[in-house]
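Dropping the structures in below, format is C-alpha cells.
Same chain, two partners: chain A is paired with chain B first, then with chain C.
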Partner chain A sequence: MDPLSWTGSIAFLNPLLFAALGLLAISILIWILIGAVTPEDRSITNVGGTLSLSAGPQGLAALAVRVTFLASAVILLAYIVLGLFMGTGAGIIGALAQRMLPVWIALILLFTLSISFKRRLGLYGKLFDSPIGMIGFGLVMFWVFTGIFGAFDMIITHDPLAQASGMKNKAPGTPLRGAEEGDFAWYLLGGDNLARDVFSRMVKGAWEVVKIAPLATIFAFMVGITLGLPAGYYGGKLDTFLSFLANLILAFPVILLFYLLVTPEIVATGLPQYMAVVLFAFPMVFFGVLLNARYRTQPQKNLMILAVVLVPLFLMYMCLINAAGSKIDVWPLDFFDVPGGILVVFVSVVFVNSPTVFRIVRGLTMDIKTRDYVAAAQTRGERPWYIMLWEVLPNARGPLIVDFCLRIGYTTILLGTLGFFGLGLPPESPDWGSTINEGRKLLSVYLHPALPPAIALLSLVLGLNLLADGLREESLRD
Partner chain B sequence: MGLFILRRVGVMILTALCLTFVVFFMTNLYPNLEKLAKTQGNFRMSDEAVASWLEKGGYLQSTPKKYMEWIGVAPSYQHVAEDGTVTGRCITPGMDPAEAPRFCGILQGYWGYSTVFKDEVSSIVATRLSLTGTLMFWVMVVMVPSALILGVLAGMKEGSATDRTLSTFAITTTATPEYVSGVLFIAIFSSSAVGLKWFKGTATSAMESPNIENFLLPVLTIALYGMGYIARMTRASMTEVMTAQYIRTARLKGVSFPNIVMKHALRNALIAPFTVIMLQFPWLLNGVVIVETLFNYKGFGWTLVQAAGNNDIELLLGVSVVSVLVVLITQLISDIGYVYLNPRIRIS
Partner chain C sequence: MSKLEYSDGPILEIDRLSISFFTRLREIPAVMDFSVSVMPGEAVGLVGESGCGKSTVALGVMQDLGKNGRIVGGSIKFKGRDLGEMSVEELRDIRGNEIAMIYQEPMASLNPAMKIGKQLMEVPMIHEGVSEDEAYKRALEVVTDVRLPDPERMLNSYPHQLSGGQQQRIVIAMALMSKPALLILDEPTTALDVTVEAAVVELVKDLGKKYGTSMLFISHNLGLVLETCDRLCVMYSGEAVERGSIEDVFDEMQHPYTQALFRSIPLPGADKNARPLVSIPGNFPLPHERPKGCNFGPRCDYFEAGRCDAGDIAMADVPGNDRHATRCLKFQEIDWNAPITVGEQKEKTAPGKVVLKMDQLKKYYEVAANALFGGGARKVVKANETLSFEARESETLAIVGESGCGKSTFAKVLMGLETATDGEILLDGQNIEQTPIEARDTKTISDVQMVFQNPFDTLNPSMTVGRQITRALEIFGIGDSDAERKNRMLELLDLVKLPRAFADRMPRQLSGGQKQRVGIARAFAGGARIVVADEPVSALDVSVQAAVTDLLMEIQRNEKTTLLFISHDLSIVRYLSDRVMVMYLGHVVELGDTDQVFSPPYHPYTEALLSAVPIADTSVEKEHIVLEGDIPSAMNPPPGCPFQTRCRWKSEVPGGLCEREVPPVRHLQAGHQIKCHLGDEVLERMTPVIKIAAE
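Then we have the complex of A and B:
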C-alpha cells in the first residue's frame, strides 16, 4: 500500500481553489476599502415616483465578494463530490469525504426538508432566510450527525482506543502496517503518540460533546428558569438572596472550581453526587409546577397528566443519582449507572452555567412583568406561578433561545477545558480537550494529532455562535 | 454615593468570606487531609497514625473553628504532647510556646507553608503574581485598544462592509478558546513542521526577559479570546449611540462624519465597554491558567494548577484568596465606575 497524498488524483482542483480563495480575500479587501472611501449608494427617484438604488462601486464590490465566495464554495463542494465517488483515489480528502457519506446524506435530507417547509416551521424555518444562520446551522448539524453516526461506529475507520504497531506519530495517510482483510488500510489523519487513529478519535470526540453539552445546557436552563422567574417576579428578599448566591458562584474562578469538584478525593466524599441530587431535581420541580399551574382547575386531568410526566421523570432522576457502591445507594430499581466521571463533569458544568442563565431569566422577567398582559392576568386572578410560566416565560423565549445556542458553545469550551487539564474524564477518553492536551506536547514536531480536534472544536463553537447570531437577527425581525 | 460604595464593599466582604469558606471546606475534607498526612508523613501510615498526625496539626477540629483560626480571628490551635512539648501553627521550631503569638491567620499575614515548593505561601504568591501581572499588563495593552477600535469601526456604520467583516472576525475569536488558538499559534509560528519558527513555543524564558519572540504568542492567545467579546459589546453600544437623536441632529447640522464619531459618539459609546472590560477579569484569570500551562510560563495560573494537582492545601487556599479578591475588586470598580461615568444614573 502506498501512503495517500492529501488530494490524490483530484490535485488539479488545488490551483483553482487557491485562486478562488485569493480572489475572495482580495475582493473582501476592496469591498472594505471602497465602503470606507466612497459614499453610500444613492437612491434615485424615477419618473414614475418609484425609488431605485444607483449602481455604485460599492454594489460592484459586494457582487465580486459574492461571486468569489460562491466560486470557492463550489470548488470545495467539488472536492467532496469527487471524493465521494473516487474514495481513496482522491487522496485523504476523498477518503474522508467517503467515510462521511452518512453525514452528507443526513445533512442534505435535513436541509431540503427544512427549506421546502420553512414557511410552516416558525422561528426554525426563518433561520433558513439568513445565510449566516444557515452556515452556522450547517456546521452544528455536521458535528451533531458526525457524533451520532460515530456513536454507532459508522464513520470511524479504526477502534479509537486500539493501538497499532508501528503507527506512532505517523503522518496523515500512512498505510496501516500489517493490515488484515476488512481493516481500513490507512490512518487517514495519522496516528497519535500512542499509535491510535487520530480521525477515529476525533469522530468519537464529537459524540462526547454531543452527548454531554446540550443536555447539560438544558439542565442549566431548568435550574436558571425555575429560580430566575420567582426572583424576578417577586423581587424583595428572595431576589436578594438568590442573586447573592448566583454572584457567589460567578465570582468563583471556573478552573479553581473544577479542580475542587473533580479531584478523586472530593468525588470519593460524594459531594458531586449530593450536588446532583439538588441540581437534577429542578427539571421535576419545573415540569411539576408548569403542569400544575395550567391544569390546577381540573383536578382529575391534572392528576393524570402530572402522573404521566412526573413518574418517568422521578424514575430517571433516581437512576441518575443512584449508583451502586457510591454514597447514594438507596434505590432498588437502578436501570443504568452513569459512569462516575461523566456525572461529575456533568454536574460541574451545570453548576457553572446555571447562575448566568438565572441572571438572564431574572432580568427578562423583571422587564416583562411590567407589561399589560401580565397586569391583565393578575386582574383575572391568575396565580403567580401561572403568570410566570405561561405568560412571562413564553414571551421571553427569543433571547433565551439565542442564549441557549451560545451556551451550548460555552459548555463545549468548558468540556474542552476539563479535558485539557485532564479532569474528570478517563485518561484514554477521545474527547477533544484531552486529545488537544496530549497532542500539544509534541506540537513542535508533529502537528497532526493536535490540529484535527482543535479545528473541530473551533468549527463547532463557531457554528453555534453563527447560529445564535442568525436566530437573533431573525427573531428581532418579528 | 458614599453609602452606595459602603454597601458594595460590605457585600463584597461577605462574598469573599463565603467563597473562601467554600474553598476552605472543600480543601479540608477528610480524604484531602488523609492524603496530606500521607504525603507529609509516610505513605504506609495506618489509619490511627494518620488520625494522630492530623490531631497533632489541629486538623480534626470542626471546620468553622479551623476556618476562623485560618482567617486569624480565633486563637490558633496548640497541641500538647505527652512529654509536655507544645506545638502549633503559630509556633515556629525553636520558639518558646509562651512567646508565640496567639493568632496567626491570613489577617496577621501568616499564609502558611507550601508543601510542594517548600517555601512560604506569601512569598510564592507574591513572585508568581508579579509574573502574571506582567503578562496581564501586556494582554491589556494589546486587547483593550484593539477591541475598542474594532468595535467602534464596526459600529460606526451598521451593516457596512467593514461592520460585516469585523463582526465575523469578532465572532470567530470568541469561538476560539485559548487552548485552541494557542495550539494553532504554536503550530503555525513556532513548530519545525511548518517551518516559520518566528516565535518561541514556550514562554519559560520570558520570566526573566520578556521580549517579542517569547512573549507575543501567550499575550496574543489570551488577548484574542477576550477581544472578540469586548469588540462586540463596543459595537452594540456604538450602533445604539449612532442611532440617537443628537447624532442625527449633528449630521443634519452638517458636522463631518469623523467629527461626529470622535466628538459626539465616542464618549457615550465607551461607557458600556468599560464595565465589560472590568468584568472580563474572571475570564482572563481562566485564560491565564490555560495559557500559562500551555506555554509553561510559571506564573499565578501555573501555581494554581500545581497546588490543586498536588493537594498543596495552604498554597491552594492562598491562591484562591487572591483570585477571589481580584475578581471581587474588579467587580466593585466596574460598579462604581459605571455610576461615575454615566451621569444618567443617580444613586440616592
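Then we have the complex of A and C:
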C-alpha cells in the first residue's frame, strides 16, 4: 500500500483554492483601504420612488470581497463533495470527508429543517438570519455530531487505545503495517508517540468534551441561579455575604485549586466528594423550589408533580455522590459510579464557573425586580421564590442563554487545561488536553500528533463564541 | 462657519415626503405624502398618537434615519436648499448650528461625564470657531436666558447634579447657543412634572419670540400645542390628516380623526355620567396593515364603502381658511356642527358605607448617609405626613400630586409592601397598617388590588395573558379545578372587553391599551373592593385613554368598587372623580369634593396645578401662574409649610408664619379641607383659574 497524499487525485483543486484565497485577502485589504479614504455612499432616490445606491469604488470593492469569498467557499465544498465520492482516491482529505459522512448527513438535515421552519422557532430560528450565528452553530454542531457518532464507534478508523507496531510517530496517510481484512488500511492523521491513531483519538476526544462541558455548565448555572436570585432580590446582608464568597472563589488561583483537589491526600480526605454533595444538591433544590412555588396553591397536584420530579433526581444525586469504598458510602441503591477523576473535574469546573454565573444572575435580578409585573406579583401576595423563579428568571433568559454558550467554551478550554496538566482524567484518555500535552513533547520533531486536537479545540470554542455573538445580535434585533 | 444664505420664503419646506424603514421581512412605510412648511418665526405643532410617524419626520429633517430608514419620496428643503442632496459635511455644519433638536429625555441628551459649561461651550467653538472666553460668555448669557438660578454655578456642575427640569432648560440653552433658524422639539416636556412643564413651555415660547426661531413642536398633547404653536398639523398613521392654523383646526376641524380626538379628551364640561367621553372604536393600524384608501376609514363614523376605501386620498384645501387643508373626501358634506350623539347616560351611583379609613398615617424612611458601612448620621425622609381620609364604597377618590409627593409610598403602605411608621389604616374597621403582605389573609389581599402605570411593564413578558390571570385566580383561591378557573379567566377577559382568543397570546402581541385591560382584569380577579389605579392611562394614547377610563368606570359601577385614582392629570381627575385629594411633599394640602377643589377658594398649590395643566380648548381662558423653581427634595424639606418655597401668596400671611409652622388642617365647608395659613378674606378673594369664555 502506498501512503496517502493530502489531496490525491483532486490535487487540481489546490491551485484554484490558493488563487481564490489570495484574491480574497487582496480584495479585503482594498476594501478596508477604500473605506478609510472615500466617503460613504449615499442612496439616491430616483423618480418614481425607486432606490439605488451610487456605485462608488466602495461598492465595487465590497462586491469583490463577496465574490472571492463565495468562490473560496465553493472550492472548499468541492473538496468535501469530491472526497465523499472518491474516498481514499482523493487522498487524506477525501478519506476524512468520507469517514465524516454521518456528520454531514446530520448537519444537512438539521440545517434544512431549521431554515425551513425558522419563522416558527423563536430565538433559535432567528439565529439562521445571522451568518455569524450560522457559522458558529455549524461548527458547534459539527463537533457535537462528531462526538455523538464517535461514541457509537461510527467515525473512528481504529481503536483509540490500541497501539499498532511500526506506526509510532508516523506521518499522516501512512498505511497500516500488516493490516488485516476489515481493518482500515491507513492512519489518516498519522500515529502518536505510542503508535495510536491520532484521528480516532481526536474523534473520541470530541465525545469527552461533548459529554462533560455542557453538563458541567448546566450544573454551574443551577448553582449560580439558585444563589444569585435571592442575592439580587433581597439584597442587603445576604447579598453582601454571597457576593463576598463569590469574589473569594474568583480570586483563588484556579490551577492551584485543581492541583489541590486531585492530590491523592486531599481525595483521601473525601473533600471533592463533600463538595459534590453540596454542589450537586443545587439542581434538586432548584427544581423543588421551582415547582413548589408554581403549584403551592393546589396541594395534591403539587405533591404528585414534586414526587415525579424529585424522586428520580434524588436517586441520581445519591448515585452520583455515593461510591463504594469511599468516604461517602451510605446509600444501598448505587446503580452507577462516576469515576473519581471525572467527579473531580466536574466539581472543580462547577466550582469555578458558578461565581461568575452568580454575579450575572444577581445583576439581572436587581434590574428586573423593579418592574411593575414584579410589583403586581408582590401585591397579590406571591411568595418571594415564585417571583424569583417565575417572574424574574424567565425574563433574564436572553443574556443567560448567550452567557451559557460562552461558558461552555470556557469550560471546554478548562477541560483542555485540566487534561493538559494530566489532572483528573485517566492518563490514556483521548481527551484533547491530554493529547495536546503528549504531542507537545515532540513538537519540534513531529508536528502532526498535537495539531489535530489543538485545531479541534480551537474550532469548537470559536464556534461557541460565534454562536453566542449571533444569539446576542439576533436577540437585540427585531 | 457662516450660516446659509437666506432670502424669504419658508424656513423649512417639506414636500410630499415619504419615509420607509426596511426590515428583514418587508418595507415599512413610516411617513407617507407628508407636507408642511414652517415660516420664519412660526411655531408649528405636529400632533398624533404614538407610532403615527411624527418623530420620524423630525429625524428625516435631521437626515438621521439610521441604517434602515430611507427617504423614498419627496423633498425636505431648508432655507430653499434640499437637505437630501447635501453632502455629509454640509449636513454636519447644519445640524446643531442651523437646525437644533431637543429630545424627550433630558438626561439622555447630556453627556454625564462632562460639565454643563463645557458642553455648552462646545457648540459655538465647533460651529463658529470662537475663542474659549467668547464661548463661555455666550454660555453664561444663554443660561441666564433660560432663567436658571446662579448661572455660574450651573456651568460648573455635572448633569446629574441638576433636577429634570433644570436639565431640560440646559438642553434648551444648548440648542439656542448657535442661534439656530429652526428648533425641533420632540415631546420636550413629557418626562417632566406638570408645574415644571408649564414653566418650560412658557420659557420656550418666550425664547422663540426673543430669538425669532422657527419651531417644529412635536407632541401628543393637544393642550400643549394650543399653548405653544401658531399652526398645527395632525398626523394619523403616517399621514398628515389635517393642517391649518390653531384656531381653524381647533374650532373648525375638517377631518373626522381630529374631531374624534377632541371628543375623546376630557375637556371642562365632560362628565362621566352625563356626558361621557367618546372613544375612537378599533385600534391604530399597524404600518404594514394599513387599509386601502383612507387610513382612518375603518374607525370613522362617516365611512362610506366604495368611496373612502377606493384609492389614495390627497390633501384638499378648505375654502375660506388660510392654508387649512384636510385629507378627507367628504369634508364638505359632513355637518361638523352636529351635536355629539350623547351615549347612554348613566345613573350616578351613591357612595355607600366607609370601606377604607386612613387616620394620621405616617411613613418615614431612614436613609443612612453612608451607604457602604451604614454608619454616620441618619436622615429621615418623611414620605407621608399625617394622611387622613375616608373612602366609601363605589366612590372614586383621586389622589393628585407631582413626583415626590408621596402618593406611591402611600400606595405601598396600603398594599402592605411597607408598614406604616405611625397612624392607622382601617379596612372594614380592621387595622392593617402594621400587617405586611405576607401576613395578610387571602381575602384582604384580594380586596385591595392595584392597576399599574406602565402598560409595557405591567405584564410578565414571558407568560401568556391567560396564564397570568389564572395565576391570580389560583393565588386568591378562586375556583376548585383548573377548568373552573379557566372559565373564570375567560369571563374576566369578557369583563374587560377583550376577545377570548387573547388568553393564549403573549403580552408583546398586545397593544398598550389591551395590556392595560389585562392588568385591570388581573386586579379584579379576586373581586377586588378597593383598587388603587396608579396613573392607569397616562402612558396610553389619547384615543385609547378614553376607552380604558370608561372601562374602569363601568366595572366600578357594576362591582361597587372603591377606586383610588392616582394621577397628575387634572383634566381626567375632574372628569371621573367624586372627591379629590391634593398632595404635596407628603402632606395632604387639599381634600374635598371635585367641585369644591376645582373652584375657589383653592390651596395655592392646587391653584398652580390647575393653571399648569394644558387644556385643548380655545374657549378656555386660564390665569397664568408659573411656579418658580423645582419641587424640594423630600430628604430636605423646607421648614414650615412644605409649599412656602414656591407659593405666590406667601406675602399675604403676616409674620413669616409660613416659614415657621406647618399649617393646620382647616375645614372650609362640609368635607372640604385645606392646609394653609392664608386668612379667610384672602381665600375669599381668589378667582377661578379656568374660565370658559362666554359663547
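As a working rule, the second predicted complex is superposed on the first by the 468 of 478 C-alpha atoms of A that agree within 3 Å, B and C clash if a C-alpha of one lies under 4 Å from a C-alpha of the other, contacts with A are read in each partner's own complex, and residues count from 1 in each chain.
Here is the rule we use: a residue touches a chain if its C-beta (ideal position, glycine included) is under 8 Å from a C-beta of that chain, and two chains touch if they have at least 3 such contacts.
Model, not experiment: these values are computed from the prediction.
Peer 1: Could you tell me if A:129 is touching chain B, chain C, both of them or neither one (first, second, both, neither)?
Peer 2: After superposition on chain A, A:129 lies in contact with chain C alone.
Peer 1: Looking at the overlay, does A:454 come into contact with chain B only (first), chain C only (second), both, or neither?
Peer 2: The answer is first: A:454 touches chain B but not chain C.
Peer 1: Between chain B and chain C, whom does A:395 touch in the aligned arrangement: first, second, both, or neither?
Peer 2: The second partner, chain C, only.
Peer 1: Is A:416 touching the first partner chain B, the second partner chain C, both, or neither of them?
Peer 2: A:416 sits against chain B, while chain C stays out of touch.
Peer 1: Regarding the shared-chain residue A:381, is it in contact with chain B (first), chain C (second), both, or neither?
Peer 2: second
Peer 1: In the overlay, answer first, second, both or neither for which of chain B and chain C A:284 touches.
Peer 2: Once the two structures are laid over each other on A, A:284 reaches no partner at all.
Peer 1: So in the superposed three-chain picture, is A:238 touching just chain B, just chain C, both, or none of them (first/second/both/neither)?
Peer 2: In the superposed model, A:238 contacts neither chain B nor chain C.
Peer 1: Looking only at chain A, is it chain B or chain C that touches more of its residues?
Peer 2: Comparing touch counts on chain A for chain B and chain C gives B.
Peer 1: Which holds for A:17: it touches chain B only (first), chain C only (second), both, or neither?
Peer 2: Neither: A:17 stays clear of chain B and chain C.
Peer 1: Under the touch definition given earlier, write down the residues of chain B that touch chain A in their complex.
Peer 2: These residues of chain B touch chain A: 11, 14-15, 18-19, 22-23, 26-27, 29-32, 35, 157, 160-162, 165, 171-172, 174-177, 179-180, 182-184, 186-187, 190-194, 201, 282, 285-286, 289-290, 293-294, 301, 304-305, 308-309, 311, 319-320, 323-324, 327-328, 331.
Peer 1: Looking at the complex, which residues from chain A come into contact with chain C?
Peer 2: Touching chain C: residues 39-40, 42-43, 45, 49, 51, 129, 297-298, 371-373, 375-383, 390-391, 394-395, 397, 478 of chain A.
Peer 1: Flag every residue of chain C that touches chain A in the complex, lowest number first.
Peer 2: The touching residues are 18, 23-24, 70-73, 84, 87-88, 415-417, 437-438, 440, 442, 445-446, 448-450, 452-454, 457-463, 472, 474-477, 519, 522, 526.
Peer 1: What residues of chain A sit close enough to touch chain B in their complex?
Peer 2: Answer in residue numbers: 28, 31-32, 34-36, 58, 61-62, 244, 247-248, 250-256, 259-261, 263, 265-266, 268-269, 271, 409, 413, 416-417, 420-421, 433, 436-437, 439-440, 443-447, 450-451, 454, 457-458, 461-462, 464-466, 469.
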